[in-house]
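As structure tokens, here come the structures.
Two complexes are shown next, each including subunit A; its partner changes from subunit B in the first to subunit C in the second.
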Partner chain A sequence: MESWMGYSGFLLEMIRAAGVEIGDEIVVERPDGSSFRGLLMFKGELSAENIVVIKLGNGYNVGVAVDPSCRIRRVAPGRKPAFVRPPPPPPREGLPRVKIIGTGGTIASRVDYRTGAVRPAISSEDLVSLVPELSEIATVDAEVLLSVYSEDLTVREWGMIAEAVWRVLEKREFSGVILTHGTDTMHYTSAALSFALQRPPVPVILVGSQRSSDRPSSDAALNLIGATWAAARAPFAEVVVAMHAGHSDDAIAFHRGTRVVKMHTSSRSAFKSVNASPLAVLRGQDLTVLDEYNPRGGDGFSYEPGFSDRAALVKFYPGMSPEILEYLAERGMRGVVIEGTGLGHVARSWIPVVKALVDSGFFVGMASQCRFGRVNMRVYNTGRDLLRAGVVELGDLLPEVALVKLMWVLYRAQSLPDVSKMMITPVARELGARMLPEGVEPA
Partner chain B sequence: MSIYEELGLKVGLEVHRQLDTRRKLFCGCSASPSEGSGPRLRITRYLRETQSELGEVDQAARFESRRMRRIVYEFSPASSCLVELDEEPPHPLNEEAVRIALTVALMLKARPVDEVHVMRKIVIDGSNTSGFQRTCMVALGGELSVDGLRVPIQTITLEEDAARIVRSDADEVVYDLSRLGIPLIEVSTAPVLNSPSEVTRTAEAIGRALRATRGVKRGLGSVRQDLNISIKGSGLMEVKGVQELELIPRVVEYEVRRLRHLLILIEELRSRGVRPEAVESQPIVDLTGVFEGSSSRVIRRKIGEGGVVLGLRLPGFAGLLKGEGDVRLGRELSEYAKAWGGVEGIFHSDELPGYGIGEEEVRAVRETLGAGERDAFVLVAGREQKAREALEAVRSRAAQAVYQIPDETRAALADGTTCYMRPRPGSARMYPETDIPPFPVSRELIEEIERSLPPPLESVAASLMKRFGLSSQLAWEVIDSEMLEEFEEIVRLGVSPSVVASILTEGLKQLRREGAPVENLTPAHIRGYFALVSRGATAKESALPVLAELAKNPSLTAEEAVERLGLKAPPLEEVVAFIEELVGAVPQDERRSAAGRLMGELMKRYRGRVDGALLNKLLMERLGAQRP
Partner chain C sequence: MESWMGYSGFLLEMIRAAGVEIGDEIVVERPDGSSFRGLLMFKGELSAENIVVIKLGNGYNVGVAVDPSCRIRRVAPGRKPAFVRPPPPPPREGLPRVKIIGTGGTIASRVDYRTGAVRPAISSEDLVSLVPELSEIATVDAEVLLSVYSEDLTVREWGMIAEAVWRVLEKREFSGVILTHGTDTMHYTSAALSFALQRPPVPVILVGSQRSSDRPSSDAALNLIGATWAAARAPFAEVVVAMHAGHSDDAIAFHRGTRVVKMHTSSRSAFKSVNASPLAVLRGQDLTVLDEYNPRGGDGFSYEPGFSDRAALVKFYPGMSPEILEYLAERGMRGVVIEGTGLGHVARSWIPVVKALVDSGFFVGMASQCRFGRVNMRVYNTGRDLLRAGVVELGDLLPEVALVKLMWVLYRAQSLPDVSKMMITPVARELGARMLPEGVEPA
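And then the complex of A and B:
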């Protein structure tokens, strides 16, 4: 059915017949003599079909039920809803230059009054206008590369993003690169960039926000300020994710791109380093570095683009049939990372299927669904039998990172032994040797 | 024609009241949080201005945003979750609250909307973690009859209560989150009220209509009135936060005095030929040099802290800042300076020399500013940036004083005066809350609520009179005491209705007069006390001392208070034994005539602990039992 600004059916016909545009002042007259006057507004998807949404003089929107016996009259033309960018602050001399590349997501989005949802819309320039503090830290140069929800990203976009960053790094004109990104899959992209942009000369910082930037309480401002500060001045040159460290607007954590996961659906401190500490934490102007890092200005930079989409991630659950692996292989997949239970297990019924697939050259790697800790498949019989069947133990690799790495490896290695070897060889600090206790009271 | 009619006084009233729902408006937290229970946590936030869907920035929002104060929220997980912390999207609109709001709407003959759309009303002073208050229009129109006067109702809205401010200074403001999210209903009248007493009576009538739903919270802090006040020739004053009915006429009278004075000033400034442009073009001048070694303690301290003294000439304003009584242009300017610059206050020429500032310094200031005898001046001491912002606000307000009284949002103070808070927000501060689906108000829902509308309070009063034999006055006092529910419950325990009614009304009033913090009493205290009375564990005569003790020590239970005061009834056997002893000591033939004296002795011993009627009955039984 035809729909315009959320309106359809007889109501849309009435609106058209009255010659009304969104934002016009209208009167809705009902046969019982009652009438409502206000501006015609966009209508959300969840509003009922016979409802006209009008904005009253006091700013409130209300839904008014209309049937064909009502009359809609245009009283005066209105202004269309629009976003006006505040004037950007004047640039300052002598500050580091920082590149901001927009890829979409909540941080670069505002409410879409057409659908009532949050949509990627505002540009990186808008962000600079909205967060004028950025211009006190660095001279910011912003461009929009993509404008997509992060759940819609694929290996193709990872490649585009990596290439865009590489071009910026090649110019050697910027002290750091910032990518604004949707948070849902930011940790996948950060892993992908970590493999594609190894030992970069300057920081490559992914930043997002959990509350859209058009909200007064958005975390976007502080996240951007923290990211810009680090892009301009941090000593580390790594691919990192910059997000709130806690519930307060007072600290930004920088997580290594291969060690970070989104751990909460909505909290501003959703991103956590897992099996590692954050690389650094910034409070005000005070940066605390917590781990070794690749320093700025090193000459070991290597650009290694390319990802294969023929890998999959499978989460095992009790009672799950191994057919899923056969299906994936039939659909052309070349390998799979299994999120196994505990130290790295699946049901014993999987063992013959795994063996047959590995024998045919299909990669099967094992990570754990425990979230924290390392897999070890030599403790129990099942693990030992899986290893004998050809499963590769993936150490303390996070399952998501293991998948991204497999996609990257499959693009560059053909034989199963090469794939297996590359999977367990550290590339971007994604594998660790030591696991430390957490939450222990100080002595 | 009354003076108020002559002045063209027009007041619109907004009555806000918390709803007594189980849950908050947009999350699963209890809507009756107890502040201070559970561990205390704190987080820090900042808020920024944003644009409405029409691309405008609200001036009230811009006002708060440019201050960029640190906002600290204190909370307990017992009463606040991630929704209050603005870390989780709101849950759908609480249906229980919508039903109560619709009940109010139907009782006031208002017209419900067909679909309720929740809006975000930008409020970035920190009182809402999100930077906006969620609010929705539930019904339009309606009317109320107030002593024969028909008062039109404009709107009935449902919104979330804001966080409670704990303390604030120029850099930081601290809020407690427990109140945030409690459903509030707002009933707004048209600006048709023409006198302070009309406003009070209307507030009272709306209060009664709300209470009739039995769905609103009671007690201090559950109700708040905002007043929209104007007189002919003035802007609109939105006075916020009048908590007590008694304050309403005083606030209205103060505003009328204030606005009249400002109107007179416009005439005076015009007749002096002062032009707004002449005020606007005055420079802000650094006078720190003049005040080196000043004998003013405040100024010395400010300069000592690295601050400056800035001055502004107000051409043609001489003698107009000191005003009359409690209304002064000087106070207006000072409030603007405090609000916009976060400074402690101003000095102005009408009050100088004074405050340690001497003749010599005044002369030097006048000379530096080029201020002649017909001019006034204003000084601000403090950090340069803040002092400058303060004087810019003073300059712009002074320029307006020549030709208009601007629209303002003001706060009601406990002394019945008001002070400037911020410019009045426009409709630009409203935009849709897209995280919450619209709530359909179906015909079926309206019919269902219509069928179960609660009786109006008039019939409640009639029923109290009929069922419990209360006088009309006592019945209305019980209703206005807002303890109708407790009253009915206690009477069911078997305590005499007139005793309960008079303790809950006259008794509590007496305690309040005597200075007891009666607002601390909870329904649990009152129910607990009368339960003891009904069990004979104490006598009704102990009511006032026990309730006073509970008011002073609200953490006690009624039983503990009774014990602490030694008002616990002794075991019945002990009382009987004592009566028998008394009676036994009186010769047989004197016993009849001794009844009065013996009763006196019993009351002396058991007053406040054992019910007098019970003592009398036991005594008469013993006297009679020993009759030959």
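And then the complex of A and C:
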């Protein structure tokens, strides 16, 4: 069947009869009296034949179901989406220098008008063109290291990113480093960099966006401006994630790299610090710092690269068989972080399996699938029996961070006692500073 | 080495020299000038030799490290923990009748003074003795069905619980049914009962407590009073979880069984409705209902028991191998719910593996590891390619609820198209009522 820009059948005939091109402003009128006005868009391949896709005035694309009794009218000719703006103004003398390293993600992406999908496409240089405000804040030097969806990143890319940042930090020419990154796994990468780049001399800031920069609701510009401001001027020299602090367009939160998760699939304020406040919040030029931090220019920068891919994360659920642990060990894994229930539990049937694996040198750490709080395995008998079987209680380590830490630890420790000891020794503020006495719960 | 109540060595000698018994009020004075006053407690087996465990005035047990230079003084003789109170007052005429079925958990547990741990021990009858206020609200008829930690529950126990509730509902003698339940997996069980007991004629209320009933901060009494009030009088006849709505002791939230998760390891307000408000909140005698509901006494009660144990839940992480899916299929699983990243993604390397499994009749559904929001796999190419490979987009189904639903669906549907169709067809308000058009994101 003939197809044009994703349209076919009776709908394509209606579009042709109306003389409409992609990007033209149209009105779709339905016999029920409803009508939709917007720009005609290319259509996704998975869309049903009777759906016409238009971009509404608020920037959202909607699919409108039509039938032959509907009417499509052309209202105005389209302006083709203009994406690449003029080159940025020349750098101003005396501004701090900030390095931007692109790794991919929506903040460096644009809508593909063939499929309607969003693809990583734009270099960091383009970002500077798109956000001219950056040149008021800093002299930006941008390069593209990777251009991948963040769900495709592995320990290998974490190593490449850490090395690229380390090379920049070693030169001591920049006031801060920014990494543009897909948001899906930004919190895993921020944890990895927190372990690999300890006590950096300047801020290392991961930044992403939840909505691509050609949409009116995009968070890309504000996030990038906030990240650049902090890279140039913030007093803290830590690995942080910079993203919208709330739904309004006026505040950027800086979350500690080992304390942050993506908490919402689509909200612009999707990233939240867990069991902690953000390290700092920026409103305009006002930075409010909410916790202790590693200051700029401090001593003791330590580059500790290397991650093992022989660690796994397993989320427990009712009735789950412990054989998954044996499978992982047989596949060459050297350890696992379990997301247990509540204070850190799994079914009693797991205990002998755990014990046998620990006895063979396999690491088993326990975190909680509850998003907040900390494991405490001394309250119930199951927890106590798991401890006796050799499970290591991971305190308030977030499960995702515990996995990343285990990957980092397994690269540098061989014996199980060394692995276990490193896992519960704080490295990058990933474990609660205030360890509560036995039997006392956090509020 | 000699041991008494968990104490040994120099510490046992100090305790003996002070003439102290378990339960006595003591003061521990340390050379640094600090001192701790409280009741001497039995000590956990995992505790180090130099730790003395005391119950502070606020009800918390703390472990205090001592050395031979410390001093232990007896302040007052102990009152032995009095747990079992007098039997409840006789039932009053004309009150609604409420059935309480015990399945275990902290709300039906007490501290084991041998180990300091908490064990399920008390029957539901004991609970009525412990909370005499219940007899003002309803005539309570209690029985113990199970007495297990909730992390040990499986599809088998879900079936037993559903059947027990069904038998009660069939008799039509009670105004409501309460299930006491451990909190660790209460949200999994509430989802299971929501699918198995559709449109019940009276409320079915799961209730637990985060802190055992012999602690001053216990939430057991208020939760049980709130659950009993709602079982007797609430206008909604749904499967709900009744737990503290906030940190203060004045409100109980009723969360829809398919919309709730345990969000905190230890907080009394650990349970939260996700992507939804609680169905209702009770303050004193004031019930505020916040959503539509199935009313009491409505028609259409349907008992749909049976769960398959051949469904799995897998949380994706960076670098994770897709071979886990093949392993699960080889182990006899018929389907999996993936907790993908962001809007519902996994690494591209998973796509061919997913496709081969789906082609063989294996169900693959996608939820998100972000706690809030909904999957939308039409935004990025990875999502679109996963859909093309046969992944089913699970909307705003919570991953835990999606797993339980898959267990329920696999028991009744054989073909993959039937499984897929049932998974995206709302049964118990587990899927968002307002489905947004393509390209429109929830706020």
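Keep in mind that, in the parts below, the second predicted complex is superposed on the first by the 347 of 443 C-alpha atoms of A that agree within 3 Å, B and C clash if a C-alpha of one lies under 4 Å from a C-alpha of the other, contacts with A are read in each partner's own complex, and residues count from 1 in each chain.
In the analysis below, a contact is a pair of C-beta atoms (placed from the backbone, for glycine too) under 8 Å apart; a residue touches a chain by one contact, two chains touch by 3 or more.
Predicted model, so just to flag it, every value in this text is computed and none were measured.
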Just checking: does A:G57 make contact with subunit B only, subunit C only, both, or neither of them? Give me first, second, both or neither. first
State whether A:E323 touches subunit B only (first), subunit C only (second), both chains, or neither. second
Touching A:T154 in the superposition: subunit B (first), subunit C (second), both, neither? second
Check the residue A:R16 against both partner chains and state whether it touches subunit B (first), subunit C (second), both, or neither. neither
Partner, of subunit C and subunit B, that touches more residues belonging to subunit A: C
Contact-wise, after the overlay, does A:A221 reach subunit B, subunit C, both or neither (first, second, both, neither)? first
Looking at the overlay, does A:D250 come into contact with subunit B only (first), subunit C only (second), both, or neither? first
With the two structures laid over each other on chain A, which partner does A:S267 touch: subunit B (first), subunit C (second), both, or neither? both
Where on subunit A do subunit B and subunit C both make contact? 44, 46-47, 51, 53, 60-64, 116-118, 247, 265-267
Give the list of subunit B residues in touch with subunit A in this complex. 43-51, 53-57, 61, 65, 82, 85-89, 111, 113-117, 119, 121-122, 124, 129-132, 135-137, 140, 155, 157, 426-432, 434, 437-438, 440
Subunit A residues touching subunit B - in the complex, by the definition given at the top: 23, 34, 36, 41, 44, 46-48, 51, 53, 55-65, 79, 81-84, 86, 111, 113, 116-118, 130, 210-211, 214-218, 221-222, 246-250, 265-268
Tell me, which parts of subunit C touch subunit A in their complex? 44-47, 51, 53, 60-64, 112, 115-119, 149-155, 158, 183-185, 188-189, 247, 262-267, 270, 309, 312-321, 323-324, 327, 331, 339-349, 368-376, 378-382, 384, 387-388, 400, 403, 437-443
